[in-house]
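Questions regarding the structure given below will be posed in turn.
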Amino acid sequence: MRISPKMATLLTLSVIMLIAPFFFPSAYYFRIASLVYVNALAVVGVVILTGYAGQISLGHAGFAGIGGYACALAPVYLGLHPAASVVFGALASGVMAWIVGRPILRLKGYYLAVASLGFGILVSMVLTNEIAVTGGPDGMKVADLGLRSWLSERGLSLTNGQFWYTITALLLLAGAWLALNLENSATGRALRALHGSETAAGTVGIDVASAKLTAFIISAVYASVSGSLIALMNRMITPDIAGYMHSIEMVTMAVLGGSASVAGGVFGAAILTLLPQALTSFDQYEQVTLGLIMMLVMIFLRQGLLPGLASLLKGRGA
Amino acid sequence: MTLLTVEGLGIQFGGVKAVNDVGFSLNPGEIVSIIGPNGAGKTTLFNMISGVYTPGAGKVTLAGEDVTGMAPFLLARRGLSRTFQNLQIFQSMSVLENVMSGFHLRERGSVLADLFAWPTARRRARAAEGDARKLLERVGLERAAEREAGSLSYGSLKRLEIARALALDPRLLLLDEPAAGCNAVETEEIDHLIEEIAKAGTAILLVEHDMKMVMRISKHIVVLDHGEKIAEGEPAVVSRDPRVIEAYLGAQAKDKAMGEEAGHAEH
Amino acid sequence: MADFMQFALSGVTVGAVYALIALGFTIIYNASDVVNFAQGEFVMLGGMGTVFAHQAGLPLPLAALLAIALTAMIGIIFNRLAIETARNAPVVSLIIITIGASIFIQGVVQIVFGKQIYRLPSFSGDTPIPLFGANILPQSLWVIAGAIIVFIALWLFFTRTMTGRAVLATSNNRLAAQLVGINTNFMMTLSFGVSAAIGALAGVLVSPITLTSYQVGVPLALKGFAAAMLGGMGNPKGALVGGILLGLLESFTAGYLSSHYKDAVAFIVILVLLSVKPQGLFGTKTVNRV
Amino acid sequence: KLGATISETGPASFLGDPEAKTLKLLVEKINAAGGIKGEKIKLFLYDDGGDPNKARTFATRLVEEDGVVAIIGGTTTGTTMAVMPVAGENKIPFISLAGAIEIIDPVQPFVFKTPHTDKMACEKIFEDIKKRGLSKVGMLSGTDGFGASMRKQCLAVAPAWGMTIVADETYGPKDTDMTPQLTTIRGKEGVQAIVTPGFGQGPAIVTRNYNQLSMTIPLYQSHGVASNSFIQLAGAKESEGVRIPGTALLVADLLAADDPQKKVVTEYKALFEGATKTPVSTFGGYAHDAFAIFVDAAKRSKSFKAVDLRDAIEGTSKLVGTTGTVTMSAKDHIGLDLSSFRMLEIRNGGWTLVK
Amino acid sequence: MLSIEGLRSRYGRIEVLHGLDVTVNSGEIVTVVGANGAGKTTLLKCIAGVQPVSAGQITFRGEEITLVPAFKRLSRGLALSPEGRQIFTNLTVEENLRLGAFLFADERVERDMEDAFVMFPVLKQKRNLVAGGLSGGQQQMLAIARALMGRPTCLLLDEPSMGLAPILVAQIFDVVKSLKSLHVTVLLVEQNAFGALEVADRGYVMETGRIAMEGEAKALIEDPRIRETYLGI
């Protein structure tokens, strides 16, 4: 039986998620793996927006910021449960994406890039400046999700690391599943079509503006949930989460891994999350190495790491 | 009942009237051709009818509804479909997916259904794929189905565009130079394809410089020059019009077209 | 009134800084459709290079010249090794390469020169010049003059010279450019060299005002990028006007509205302007017939 | 084994860089002298780039992977806040190098810090302004964590010192021109002094702009600029008369011979400047003090177990550091008072003590 | 003048030219015909140097040019009017033409441009407009005119008649014929096989990356197989 690429991606991912913990020598590895999954979740959103629909956003961290601060603020000001705050943040991000997306998605290429960059900067500026509410640049504390103690009361006691590993792994799996479903559906095809030619997409009946907006909203929700998870995991949050560097990081992970595919995006997220950890022994050479690796990958594997490596291997075989 | 009526349509680019006060109409199942010298305004006329450009003047009526200046995707929902003179292919998608995207209107459901891969969404996708393959067969591209569209030769891309346009199952099909880049034999295949489509009830508006094809299959011809309609009528009448010969056909070509027409009559 | 003048002068000074950087973007963009996110690093290299050459004992003008030449070389090497090798890669990949280069260059400078902040001495002293009740530093005049001269040079280059047109042709259609005999690789090399040199020149001119360190590049590049988009990417006129406008917006907002949200107001204006004019102020809409 | 997560790069690298260098130098020095109780110190030093998310990861790594007995670091308040839960959960003593008062107030069992709080800096400045008989203050703060936190504290304590804040402007950490803000402040009725919390190039540019506008009212910078490089950047002429609440470190040579801090700061200054060829700054001093507290506690501690170490740190008494003399207790995890701040003024391109 | 031996070329891993031998003698007009996807365009791209050659060699005026970069081939006299027009859409018509003569800076450029305007008067009308706004046929004219501005001794034309009105198609073939009197060699790829073979001296028939047939143009027109598969008669 042939398995579809979609199933192959999901299976590989779940197998890795299941097996990896058995090789983890310490809680630190659980933390790193959770970070990989959280970043990958945001990157999957970027894959939908940039990989499928071809729209570049340099402000997606803004949505991560909204998601993250929703988890910090909603329990305090609205009395929401942290878990409900994640949903609340996702909704807020979705609405925000809808409001912002409509005007800026009319822009193309770099103009869209700069407009989205502006949006991201606005969000991080509000988070930085409204000290009374957000705690300013030093950030604020985030309530405990509470799920872990709830579980342990019911006999399932996990360490903090294991707990977050499970949560993030499950959410990434769900996120990847949704994105893969989308890829080969009418909506996904519409997104990829408008990437190719907006004029032609229009004449086959695709509402280009609303399709772009859909992709923007979906990817905003991904970023938002990822931001929420970071906030809950760290039990604190600072405006860095909405910063320009974080936006760039998301796009880089997606492109480096191979932006047109979910598998590539996850791979890219893994590499760029692990790399700085692996490079700590290089001390001051860390930045140099990171920059160098980014350049080399893009030069020699221009479709990104995963597709690039795959075709290299195939080339050997053939 | 007339399917498409165009009245007094016009547009300017930087003060130059690219199309000026053009009108004609079209019935279901009919093939009407627009001919005229390069730059006469044929493609521009297509662009206005299909909503790519907003007309500066005039009115377009589709099946009784005023659709002037309506966005292309809304026109597509009303049964209008087209191909492009400058190819608009979804380069990085496979040939099959290009055609499947033509089924968008039939296949689309809610975004949620697509995200969660509900059975209805999957069923629609399967149906679209099956039908897309049939269409590819019709234009002779079935063997290229899985290839990346960007890797096809020019002539094959032209046919891919026709297949995609057909996927909409249009009431009105606009073809902009479908035979360009095809040799005589390939042109004839396309020729037959168009006639078949028309027989099934689709109205066809055709722009083409291959006079042999135009004269053979069109019921009615509209001739443009410098954005204005200079003649219109049945092929035999138009091809004898001295203004048309001077502006477009050229004396030599006229003889040939006539000769070939006679040749076909012999068959 | 004096306040107004002061805000205006401040805006023009800062704007000229942005304009110089935006002008640097223009050339590479015109040759390759790539927005070079490492442009800010060229600015930084110009400033840092001059600081160290000066510290090593070279007189200031010589130090500046050396730094500019070296930066131009680095631009050319960057093009040769990275951009040209990845020639047919999609634009996003090229953007990532330039971001990678930016990180790389920062890393190297940080190892070689350290993380200190430095300042170049002002070219003509630090005595403020009174102007309509406001004060301006002589160095600001240098920066403004620099921006205007670079603008004029670029504008002439792109509208009056065949090479300038060849650069435009290279990005418009590389295949066609080769077919008409344009050495597209050379055009790219040229663009990167000149672009880097302009960046470095900007660095030399602004360092006495803005100070310099290994990490000044990114924020400057971002502002320059925003300015270039505001004016319309690829058009020298757009870069100049966009830069000055952005500077004025910031300073008037800081002066009259709120210094907390000065960058925010600038970006909101950009968003609003782009939603009215999607190609920026002077950007031309590309016509692509279907 | 000692752990550290410092913002060597990123927006706070101006602070983190001397901190990291100081730690490395001191560890080298003490190991050369035979270590503590015969054991050599192994330093695990990570660069969190100012990102709290990374800081937390590195803290986890220090605790879980490297098995350190204590953590120094958290250059910024943000990164410190991220490390605190890890230190708390794993019961590892953690000495922060960041300014905010929230770090030690309320006191958490395993969290300490070395720098003065921002509140103290504000109070020191206001005290001096008051001494000059002035009371109307214009503020111009950086929007980075350092500036924003100090701005908050200053606004909070101003009334208590009889100060009225007549202008409250800010600038971005990467801004290159602050004349509009200064112009606005200058235009405010009766403004008598300017206080500008911030670090890095911002304060230097503010000082230059202040001269550009020919302003003459007293200008107070924060301890964020406490380094000779500030004078170089702002220019000797331009920075003439600028006052800051600083530490003994900057005026090592001016200290009276019997000053208790004289020996410590002179030694540290010689060590740092000798090895790095860059002028010392307060921030490196914070790292120096954190390390000194750790070493002092480790020497006294019964074992290198976390709880013992913590108790030993709480027992720190009359430890002379670069910042001041530290005496901790279970309730006081900073151990400094206002007297350890010294009001400094720039005269002829050098720091002088304001009597 | 131009000789191609054992030419192979590939896109990625797929080979599309499987060893072609083509010769064009000085002053000759040679036509290549073939079905969609036969590899005609690829052949011309190889000769012009914008498509990598994986095996075989291309010799032009006695020198091997297989590895000479594309931009240097024009200075040796090889110009291509490419498939899909490939004009500079953001530049004006006049700038397009001037770039066609990029290698020259003499007064002949002006004369050549006037000649081009005589040949295609509509280009003169539009000389200051952005080329991207031209109609399909007008762009095709511009592409041909631009190739001529490069003063080729050997002109490669990829479907020059595509999208042109009948009156201009006839004119294009006239131009091709007239080039002969100017001693310009022409390699012509055409779907309008009848018209092309009529003006040509010799012809090649390509099928899926190979030369299936070659011979005198007159003979090919008479060949029943050709008449059936390419001429539709």
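A few points about this structure:
So that you can tell them apart, the chains are marked A, B, C, D and E in the order they are listed, and the count of residues begins at 1 in each.
The rule we apply is simple: a contact is a pair of C-beta atoms (placed from the backbone, for glycine too) under 8 Å apart; a residue touches a chain by one contact, two chains touch by 3 or more.
If you're wondering where the values come from, they're calculated on a predicted model, not measured in any experiment.
Any chain that touches subunit A and also touches subunit D is listed here: C.
The centroid of the Cα atoms in subunit B and the matching centroid in subunit D are 73 Å apart. Taking each chain's centre as the average of its CA atoms, subunit B and subunit E sit 28 Å apart.
Taking each chain's centre as the mean of its C-alpha atoms, subunit A lies 50 Å from subunit E. For subunit E, residues that reach two or more other chains under the stated contact definition are 133-136. Chain contacts: subunit C has residues 110, 260, 263, 288-290 touching two or more partner chains. Subunit B has residues 43, 52, 84-86, 88 in contact with two or more other chains.
By the contact rule set out at the top, the touching chain pairs are A-B, A-C, A-D, B-C, B-E, C-D, C-E. Residues of subunit E touching subunit B in their complex: 11, 14, 33, 35-38, 41, 83-84, 122, 129, 133-138, 140-141, 159, 162-171, 191-194, 228-233.
Contact residues of subunit B toward subunit A in the complex are 50-52, 71-73, 75-77, 81-82, 84, 88-93, 97, 100-102, 104-105, 107-109, 111, 113-117, 121, 124-125, 128, 164-165, 167-168. On the side of subunit D, the complex with subunit A involves touching residues 8-9, 45-47, 50-54, 56-57, 60-61, 63-65, 76-78, 81-82, 85, 89, 100, 102, 143-145, 148-149, 152, 170. Looking at the complex, you find that subunit A touches subunit B at residues 178, 181-182, 184-190, 192-193, 195-197, 199-208, 214, 218, 260. Interface residues of subunit B facing subunit C in the complex, by the touch rule stated above, are 43, 47, 52, 84-86, 88.
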